[in-house]
Amino acid sequence: MTLSLHQAQTIVSGALEFADKNKMKPVSIIVLDARGVLKAAAAQDGTSLRRSDIATGKAHGSVALGMGSRALFKRAKEQAFFIAAATSAIGGSLVPVPGGVLIRDGAGAILGAVGISGCTSENDEAAAMAGIAKAGLVSDPGAD
Amino acid sequence: MTLSLHQAQTIVSGALEFADKNKMKPVSIIVLDARGVLKAAAAQDGTSLRRSDIATGKAHGSVALGMGSRALFKRAKEQAFFIAAATSAIGGSLVPVPGGVLIRDGAGAILGAVGISGCTSENDEAAAMAGIAKAGLVSDPGAD
Amino acid sequence: MTLSLHQAQTIVSGALEFADKNKMKPVSIIVLDARGVLKAAAAQDGTSLRRSDIATGKAHGSVALGMGSRALFKRAKEQAFFIAAATSAIGGSLVPVPGGVLIRDGAGAILGAVGISGCTSENDEAAAMAGIAKAGLVSDPGAD
Amino acid sequence: MTLSLHQAQTIVSGALEFADKNKMKPVSIIVLDARGVLKAAAAQDGTSLRRSDIATGKAHGSVALGMGSRALFKRAKEQAFFIAAATSAIGGSLVPVPGGVLIRDGAGAILGAVGISGCTSENDEAAAMAGIAKAGLVSDPGAD
């Protein structure tokens, strides 16, 4: 199973609905497929200049290492040097705080990842999971 | 005037409608604002691995130098070394073939650019212009 | 509202006056607009080889994440790995110490940022704020 | 002799005066010292997103290879591969079209370079030379 554009757009719209409903600060939303390729994106009005790069780093780090960015966050707190080295090794785009959520199908296969940045990490992650739920797919935010 | 998310999403949907109606090959669509920041994006199912990077290069080159990528195409045919140097000077993302179209408001101010890649350059450009028209904004594809 | 060259030059001259009056060590002053684009700059005689890159990193980091570099400084002390990751994700130019100050208009919109480096961080920041005040604009150095 | 901030600012103001008087399109002006370090800069209102990078490439290429960018232009037309290789070898910033002018003192020593971009290459170069003349220094635009 491959993440379709329709699914990716549903994830974006679900995340935007969650952000609006919860009066989150303006966020950037990035959806990557299993190859790490940009499938859909939206940046709300008022996001800062490089906010999309942070969102991309959450999603890309998640797909790159096969774990939600909450797990990367745990690893960063335990072993910052590993995360720094991995970030460099994979080309620079890995942001190890919550808000990067793997998209899995019902069988557990990774279809891609969502990265959101702009509000608190907790809210960013919750919005990503709301979007994935709207598309009928499974969220994997990573374990603490 | 700043390009809103709503306008950027309308551009994407207009370009997708044009692509479907004209049975174009799968395309990646990138919408950047005047800061060169990703505002909205969609990659149709079946696009190749780095197609979004090509689309981004068309849009980014257009905003970077303030001219649609058809004008960059003309310059590249006349003076390839300048386009190569400019690409390097601005950090690598500039694709000088048609399909990068400046988005202007009614007064001529640059609001951003659309980049599309995946089909012929002519069709990519036509889809970008269809999207911009759907949003009620003005297309500037650059002069031959 | 867009930062004008006249405003940017006034910020530079105000910062230079402050630096001279307070007998600061030689500084480099960088003014970026809201797009992260260099609008005006001055490096005093005697600045070290890459001092402008440090000043640019303070200003660029501020515009990139939408907060003065004093707030980035606080975050770096609390969560160094996040700042390291964000720096990498946005392309390398982010210096998380005081001296990067957002320029806001009266309504709070971000017009750009000033970055100063060469003296103490406290003095660098004070000079940036003096320049912004001279231009009649609002300083946002970020919260501790 | 070292290029002073006062001289660099005089060069910028002289170039701006020339640009205004000749109704040039909006330009970005970059002044580097003999080390290739940013000494002063100004971007007129309305310059495109990465115009300063092009201006920097003209100035940096000139200082890097010790010849005005008109000489790099000649070389690019004769031997594009050399210019491409040199650009890469020096880190990416070299734009081989007129508008990068070496600043020399009366004895011929290189004090730095001015790079201007935004209007025609001929006008960009003329504005750079006007700025250098205003500072009482010697222009070396490179030989055709």
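In order of appearance the chains are A, B, C and D, and numbering begins at 1 in each one.
The working rule: contacts are C-beta pairs under 8 Å (C-beta built on N, C-alpha and C of every residue); 3 or more make two chains touch, one makes a residue touch a chain.
Note that the structure is predicted; figures quoted are calculated from it, not measured.
**Q** Which rotation angle, from 0 to 180°, best lines up the CA atoms of chain B with chain D, given as a multiple of 5?
**A** 90
**Q** Can you check how far apart chain A and chain C are, centre to centre, with Cα atoms defining each centre and the answer in Å?
**A** 30
**Q** Approximately how many whole Å separate the CA-defined centres of chain A and chain D?
**A** 43
**Q** In chain B, what residues contact two or more other chains?
**A** Chain B, residues with two or more chain partners: 34-36, 91.
**Q** Once the touch criterion is applied, which pairs of chains come out as touching?
**A** A-B, A-C, B-C, B-D, C-D
**Q** Give every residue of chain D touching chain C within the complex, in rising order.
**A** 2, 4-5, 8-9, 28, 33, 35, 37-45, 47, 49-50, 52
**Q** In the complex formed with chain C, which residues of chain B make contact?
**A** Residues 34-36, 91 of chain B touch chain C in their complex.
**Q** Across the complex, what residues on chain B touch chain D?
**A** Contacts found on chain B: 34-36, 63-67, 79-82, 84-86, 88-91, 110.
**Q** What does chain A use to touch chain C in their complex?
**A** Chain A residues touching chain C: 47-51, 53-54, 56-57, 76-77, 80, 83-84, 87-88, 92-97.
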